[in-house]
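These notes open a run of structures that come right after.
The two complexes that follow have subunit A in common; it is paired with subunit B in the first and with subunit C in the second.
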Partner chain A sequence: MKKVYVNEDWCLACHLCEYYCAAANSGAENMIKAFANGNKPIPRIRVEEGSGINFAVQCRHCDVPLCVKSCITGALSVKDGVISCDESRCVGCYTCVLACPYGCIVTSESSKVISKCDLCMKNNNGDPACVKGCPNKAIVLEER
Partner chain B sequence: MKKYVIIGNSAAAIGAVQGIRSVDKDGTITIITDEAYHTYSRPLISYWLEGKVTDEKIYYREPDFYEKNNVMTMFSTRAEKIENGFVVLDNGGKVQYDKLLIATGSKPFVPPMKGLDEVEDKFTFMTWDSAKAIREKVTDGTKVLIIGAGLIGLKCAEALYHLNADITVVDLADRILPSILDVRAGEIMQKHIEQKGTKFILGASVEQFSKNSAKLTNGDTVDFDILVVAVGVRPNTELVSEAGGKVEKGIITDLHQQTTIENVYAAGDCTVSHDCSSDTDKILALLPNAFMQGEVAGKNMAGEETLYLNAIPMNAIGFYGLHIITAGSYNGDADITEDADKEIYKKLVFRDGLLKGFILMGDVARAGIYTSMIREQIPLTDVDFELLREKPQMMMFGKARREEKLAGITH
Partner chain C sequence: MALNYFQPLFDVIRDKDRCIKCQACARQCANEVHRYDGDLDKMISNSQQCVDCQRCVCICPTSALKIVDNPNKFRNNSNWSQQTMTEVYKQAETGGVLLSAMGNPKEYPVYWDKILLNASQVTNPPIDPLREPMETKVFLGKKPKDVTFNEDGSVNTETTPTLELSTPIMFSAMSYGSISRNAHESLARAATELGIFYNTGEGGLHKDFYQYGANTIVQVASGRFGVFKDYLETGAAIEIKMGQGAKPGIGGHLPGAKILEDVSRTRMIPMGTDAISPAPHHDIYSIEDLRQLVLSLKEATEYKKPVIVKIAAVHNVAAIASGIARSGADIIAIDGYRGGTGAAPTRIRDNVGIPIELALASVDQRLRDEGIRNEVSVVVAGSIRSSSDVVKAIALGADACYIGTAALLALGCHLCRSCQTGKCNWGIATQRPDLVKRLNPNIGYERLVNLVHAWDHEIKEMMGGMGINSVEALRGNRLMLRGIGLNEKELEILGIQHAGQ
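Moving on, here comes the complex of A and B:
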């Protein structure tokens, strides 16, 4: 299946992917409304920056999904290779945070449940906002 | 067509159903459980008790799980013994198996305590039924005495705090949560919980119960309306030991999860696991461990050879709003950072050139990157040590691992 891959040689650390992701998952109809009135919607992709190295990290949709196997409630599940969270069943125990080898389960003080990348299945029919928004094509959706 | 029988209906049993069905779509699967419910998440009983999780959301798998996986269920039925390829039931019936899984979990351990018989409203806290029984007795201001400051006792305390109960926790140990926290982390958590109004009396046990009070070994007397005993659990191993299978601290299995009895497998809290972080055998009573062991057992039962490897102790749990994630073993050189005012504590433990264990309290973000270091036994020489110490991050790994994991490029 197609997954999101990053090319760290091309990442500019502009963080636009984080903004596009947060806006897409906020439920608002556009970026301006998503961030209006001091709202800070949570991105499910995060850019790591170092000395000359930058890259974005988001859910790898692993073939052996430790987060799903570890989930104590059954909130996390796999459908057609895409791992998603039923937030109505998440209690915020963070067992998935403990289990994910890539640190891709997102927690925030403003939310009692976790959030994670679902390849924009729910908000944009599987057309990921981070990929569309990356100005340097460092993030791609491909079969590899 | 193979006949699969599973005794138990919690995480290990469900893992086994999924494991079997990933290999064999046709064999019959029968689940035998002494509880009356569709599979529910045992750790959710505290969330249910406090009212955060409803009857509809306590279920571990969707309502049509058994139907979709073609599983027959025998609820409220106790398996009495294993005999010549049959499971003998308490109702006199017998169920034949080709492959059997023991996923019987554990039961609360209630030590002999003087006068305990005089206490009318006494409970343990392991099952949905036990949570329901407690719920009926608790209203605003109900005085609750909990014996045991471990994971179960304190999850029960947290739930009852949300119901405005007046809670006292007594433990023989001089600190709380000793199974997952070190002394200092235990102090920070204890203070956090005490600030919410829950009282602790540590280093003491009950000398004598009367109907509504407990006289303690330190001279205190605690009055209570209800008593919860949460001092520990014992694995349910009798079915295997009575059939001649090897049992030590728990049921002994090989890496295929097979017991020493042919065609009989075991998984979950009733079994002994190998903890690769300390290289010792122990019971790892953890839901993820149970599910994954069950899944491995199921695959092997269905004929796909699979090994259960890389097990470690690991817990993600919160109390009264303060999160903790811990994993591995704490025997080694410790690197500790602390900001007690913010209730942040971090301990990394190194030994033999490896990360062996950690405690993260308060700030638990991306902890799984550390967990993977322990489970996969990635040498410290393969990572940027200063970045590892700073926080869990993919940047600490070399470019090759990052490209493999994030860009799908195999080197």
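Moving on, here comes the complex of A and C:
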């Protein structure tokens, strides 16, 4: 299955992936509207940086997903290898947040439910916004 | 200094309705123009430091930025332009020689733009390159005057080594040091994939790039940086650099700040020391001396590689080229006054040398008049901007062209002409690791390959239009050229007729 990978050699820590991700998942028509009026939609990818090494991290879509195992309501599920969250069933217990070894389940102040990367399956038919927006092709969607 | 005599050259305009304060501009500007102010929750720009490299404009996800010329002007004066005045202020402040980078930007005539190409109509049909074979392959080096055969039909003529190019384009000399490792890797990989050559410049060849040796021209310049046996043997050809179009008559100076570990090892000089190339080769004061170096290099490489001699286009270029053709060199490279550089004194760059078009025409004519045109191939450089420049150069007599600036543009360069600062935001003319990584060679080499493929297609289209199906048949075919808006003398030097004739 194709997954999103980051090559830290080319990651510039420009953080644009975060903005492309947040805008794509905000439901807004474009980036300007997504961030209009002080809105700050939450990205599901985060850039870790420091000591000259940078890389973006998002859900690894683990083969043995601890988040899915820990979910108390069945909101998290695996379909064709992609782990996604049914937000209508999430109760905001954050057990998955504790369970995820990569820290890839994100929460926001405005909403109780969690959000996580679903490889843009819902908003862009599996064409991840972070991959498309990366200016240095550091983020790739490929089979490994 | 408390009082600034000159104003910023550019104005950074931010559309506040579009800006989402993502700070990508701030993170990407090595000149520290942009910054986010948390107290004001605002992006702030300091135009004073902007060099107009356009990196922020390109990276901004909402197209919120524009860099425009600073509308603030000194009082109009046709004699004392704002730039001239600013330069005086700068020198009064620093006491230093003005430095610039890339090619001469002044408004001198561009002869390529005053030459028009022919096309076939009725009597000699044009050729469609998509339907009929079209040859852009060229060989650089000495060509035998005649061919003799043995009794069994095998060729008896002694031939000398040549370079085979799939298309008459090569990447100009740009040293590792003046450009980044990733820029070098992009050029090397692209040259290999394209079946053409790139040139190490005078900075030696990084060990990691020996694998591209078959498509590498190794340069021996006055500083002799990084020159040793393996280096000479790895390259497909050896270029002796006598001069550079951007700065004829002077040497080079790579500041110590750019001599980090890898560059130091490649150049074989201590880390942090300035790499100074002398203006002359201290062992070359005549054509005979040049001949000695040409033959020494050939001896060192067992006469297996062609030797190129590169000179800047200067006033008596034809006579110099004639001497070089007799020195044993196989190829002459001529670099016009618009050629680029990583750093040159502004006055030299803007005022020394002659246009490549005129230099090429006079060299080709001189070599033909003396009956030695076959002794050398002629490669021209110094602002070959498009495939039509290539076609015109070949019709004027060139065997191939070097492209440097165009290649860097393919890698992202926006000609901000600030290479000498070492803060290239595009990861090209810098050694700062965080900036170098901005040029991903996987993207860079692909863009170079695309560029040369595109030019190759266009060259074929233009040749086809003229009813010519090979570069060999176009070379020196000045009947295919007509001048427009040129005076008698210019037409005479170019050896072409005026449009309408």
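Throughout what follows, the second predicted complex is superposed on the first by the 144 of 144 C-alpha atoms of A that agree within 3 Å, B and C clash if a C-alpha of one lies under 4 Å from a C-alpha of the other, contacts with A are read in each partner's own complex, and residues count from 1 in each chain.
Please note the rule applied: contacts are C-beta pairs under 8 Å (C-beta built on N, C-alpha and C of every residue); 3 or more make two chains touch, one makes a residue touch a chain.
Owing to the predicted nature of the structure, the values given are computational and were not obtained by experimental measurement.
Asks: Quick one: name whichever of subunit B and subunit C touches more residues of subunit A.
Replies: The partner making contact with more of subunit A's residues is B.
Asks: Given the touch rule stated above, what does A:L98 touch, subunit B (first), subunit C (second), both, or neither?
Replies: The first partner, subunit B, only.
Asks: Look at A:R60 in the shared chain and tell me whether it touches subunit B only, subunit C only, both, or neither; answer first, second, both or neither.
Replies: first
Asks: Which positions of subunit A touch subunit C when the two form their complex?
Replies: 9-10, 12-16, 19-20, 31-32, 34-35, 52, 133, 135-138
Asks: Under the definition above, what is the set of subunit A residues touching subunit B in their complex?
Replies: Its residues touching subunit B are 3, 5-8, 48, 50, 53, 55, 57, 60, 66, 69-70, 72-74, 88-89, 91-103, 105, 107, 144.
Asks: Mind pulling up the subunit B residues that touch subunit A in the complex?
Replies: On the subunit B side, the touching residues are 15, 41, 43-44, 47, 52-53, 57, 59-62, 287-288, 291-292, 295, 314-318, 323, 325, 327, 364-369, 371-372, 376, 387, 392-395, 399, 402-403, 405-409.
Asks: If we count contacts the way the header does, which residues on subunit C are in touch with subunit A in the complex?
Replies: 17-18, 20-24, 27-28, 58-59, 61-62, 433-434, 437-438, 440, 442-443
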